[in-house]
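Below are structures written as structure tokens.
In the two complexes that follow, subunit A is the common piece, with subunit B as its partner first and subunit C second.
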Partner chain A sequence: MEPTLKFFSGFAPNDLWFMGEAALRTLWISVLSISLGTVLGTLFGWMLYEGRRAATLTLAPVLDVFRSVPLIIQLVLFYNFAPIVGLNLDPFASGTVILTVYTAALVANVARGGIEAVGAPMRRAARSLGLSYWQDLRHVVLPIGGRAVFPSWVGVALGVMKDSALVSVLGYVELLKASQILITRTQEPFLILALAGAFYFALSYPVSRYATHLENRWAQ
Partner chain B sequence: MISIRDLHKYFGALHVLKGIDLDVQKGEVLSVIGASGSGKSTLLYCINGLEAIQDGAVTVDGTDVHAKGTDINKLRQKLGMVFQQWNSFPHLTALENVALAPRIVKGKSKAEAREIAAMQLQHVGLGEKLDVYPGALSGGQQQRLAIARALAMEPEYMLFDEATSALDPELVGEVLDTMRLLADEGMTMICVTHEMGFARDVSDRVAFFHQGVMEEIGPPAQIFGDARSEHTRKFLANVR
Partner chain C sequence: MFDYNFHWRPVMKSLPDLLEAASLTLQVAVLAMVLGIVFGLCLALARLHLRGTVYWFATAWVELARNTPALFQLFFFGFGLGAFGLHLSPYLIVLAGLTFNCAGYLAENFRGGFKAVPETQIRASRSLGMTPWQAYSRVVIPQVFRIVYHPITNQMVWAVLMSSLGMLVGFRELSGETQFFASRTFRIFEYFAVTAVIYYAIVKVILLSSRLMAARLFRY
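Up next is the complex of A and B:
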């Protein structure tokens, strides 16, 4: 008697490695997008603050679009339509581009708020000491405004990390995609989704703990 | 010497300074008094170029403050300024607050900048507070910190913009004492102030501003004892 053909096999220790690797990909695409997006978003925030009419007319509406349209729609549209204009990007690159722009759109407002938080009197005081515009920006506005909006920025960063799960729709095997693959094979969605959740938690929790630690230190 | 010629300043349609002519000599202490909105503070902002002017000229030791080619950041090193709000940098200790500008503007080494900072904090009586963050200092101490921060750039002139107005009454004295100390050391000072006692005792001359015009200027004895202008007499009668 031939053994029955087995389509499904249970969750094996090996699969934990598979998920771990996928978690690293989640971490990698998140760190990359959040870093690039923060730099770009800070630049945008500064332009919104300084640019007045020009930036409000051009940049602000574009950022509004990226902030308002669901990320999953942005990802699918960009991945499928970028080749039309000759951009053949793999899922990872497409995901990184969209996550970066999305982060930048969110960070732009945070950064503008940070600059506003420093206030004109503080900046006049800095300039009165002979600091140039850029020295004031680097040594006074960045540290003071940065600390003021740091909690908001951490919120954005953690949000983007979780939202990076949506890149799975492009086929990039990050944590959620890996989980879907395993669920299809093992038919154990409860266990695997719980594990995936634990991985996300393990990525977020240290960040948020470290952020709290920094905030407490600055509060002194 | 600070030289102001026919200075006009507008905020939009509002004519804030209406043709000010004023010379301040090296070593002189000038107090500027007058009601709120009379343009006194704006005058200081025009002297160190924090506000643009619409007509006239301000020159500091022969350099036109508002000329296009003027290196304003370099010129401001000569012109220390202390504001009503002390504006200490909250993320830096007292020592770092004072050391910041010498280090990044003048390019002093870290050790040198800290040495200058420690000396200036000692100077204003904060020698014990070097490593304290501004949040743990009183308003009077923060204002003295602001004075030390300005002095660390080794300015030749000091501009005080109502330096004691935002302080609790019991903290005013320590800041005025520090300002007196500077005056005794021969610092050239322009003090916009509501402290009539300080204006009378410390200044060489007192200028009274009224609605954007320098109504009169003279030695304290004359302004406080025998003012020529009706507006000056009325103002002084009200503040006493």
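Up next is the complex of A and C:
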């Protein structure tokens, strides 16, 4: 059906470029917050494991909040809270901060599980062989525990990559926001959504398959 | 430091409305979970026992649900179906999106649960004279239920958290209602802070009641 009045322009090759750029922004904010969040989360996980009473009373409930409140609410809250304390953050910075803390909250549990997965006898053996506490962490706990929880970490990372779509509520033009803008202009929702979905799928599916593959191989 | 006056009164005045919206959130999440469990079971069984088109349909559903952002799925049910002239109400968009997502994630949990029960048990119960239905309902299902109980609880929490995306498709559940009030009064931080507390409380109640139920269900 050819519209007689053209309010909307069709999907042009230029728009693919626009979407590609937005996809890169999705990738960039995900990579940044996943890496920062993993480092922070590993630290939290170690604190939860070692700090016992003190950490479980203070850190654990705080991390729990980030897991029990919808990410979208966290984003809006932080974005509107930052100016109150005199911080002027753009959507990208606010999004990165919240995604990082959110990742850290999820990774903390994974990391603690990883440390717990390494049995106490093994660690005692390592210490008896003359390894220092940090050497034990670096050369015994990291390879063994890391391997045990690697698949769950991949799950968390992919989850955060998908959840990065929510940063669009702050006005950060990532892939899904870009699609929405294009849909409004071109009125071709199906094609554009399919493209966006295909991008996420192409990113997430191989990685999750690879993680399952590794899990199965290591389980043997 | 604080150059900002907090105004909690408008929030308190609309608290009854917010709580009503929270019940809508809970309603759509529970409904999506019930449908998700039904569809998830079908998908899991289809992937385990069937071949051909049905198998590929179930696999495509599961992989799409797990490898694309939930927001993308909502947009798809919102705008995507609009391309075919099918316009759902915001309530149906959220319900369909959540059901699609939950079914995909639950299907994988169910599949793992069914796989964990050795097939020899079915053969054993069949040779004891049970009908296939009896074997399933008295031997297999109780064991599977025990395995998938915690994943179901987690998914329920996710369903509540995910329903907050309704805000972006114009559904006036807890988040949507909050945004409506917030943009009317410009008390964005205050409104979203209260909403965060409500979500936190809902999640805690779900987890607590799940734990109490588990204590009763799995006593032996």
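Criterion: the second predicted complex is superposed on the first by the 200 of 220 C-alpha atoms of A that agree within 3 Å, B and C clash if a C-alpha of one lies under 4 Å from a C-alpha of the other, contacts with A are read in each partner's own complex, and residues count from 1 in each chain.
Here, a residue touches a chain if its C-beta (ideal position, glycine included) is under 8 Å from a C-beta of that chain, and two chains touch if they have at least 3 such contacts.
From a predicted model like this one, the values you see are computed outputs, not experimental measurements.
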Touching A:H139 in the superposition: subunit B (first), subunit C (second), both, neither? first
Contact-wise, after the overlay, does A:G20 reach subunit B, subunit C, both or neither (first, second, both, neither)? neither
Per the overlay, which chain contacts more subunit A residues, subunit B or subunit C? C
Per the contact definition in the header, classify A:M122: touching subunit B only (first), subunit C only (second), both, or neither. first
Which superposed partner A:L176 touches (first subunit B, second subunit C, both, neither): second
Would you check which partner chain A:L71 touches, where first means subunit B only, second means subunit C only, and both and neither mean what they say? second
Identify the partner contact of A:W218: answer first if only subunit B is touched, second if only subunit C is, both if each is, neither if none is. first
Which subunit A residues lie in the overlap of the subunit B contact set and the subunit C contact set? none
In their shared complex, at which residues does subunit A touch subunit C? 65, 68-74, 76-77, 80-81, 83-86, 158, 162-163, 165-166, 168-169, 176, 179-180, 183, 188-190, 193-194, 196-197, 200-201, 204-205, 208
Residue positions on subunit B within touch of subunit A in the complex are 45, 48, 50, 73-74, 76-77, 79-81, 83, 85, 87, 89-91, 100-101, 104-106, 133, 135, 146, 149-150, 153
Looking at the complex, which residues from subunit C come into contact with subunit A? 1-4, 63-64, 66-72, 75-76, 79-80, 82-84, 157, 161-162, 164-165, 167-168, 175, 178-179, 188-189, 192-193, 195-196, 199-200, 203-204
Complex contacts: residues of subunit A adjacent to subunit B: 121-122, 124-132, 135, 139-140, 143-144, 147, 218, 220
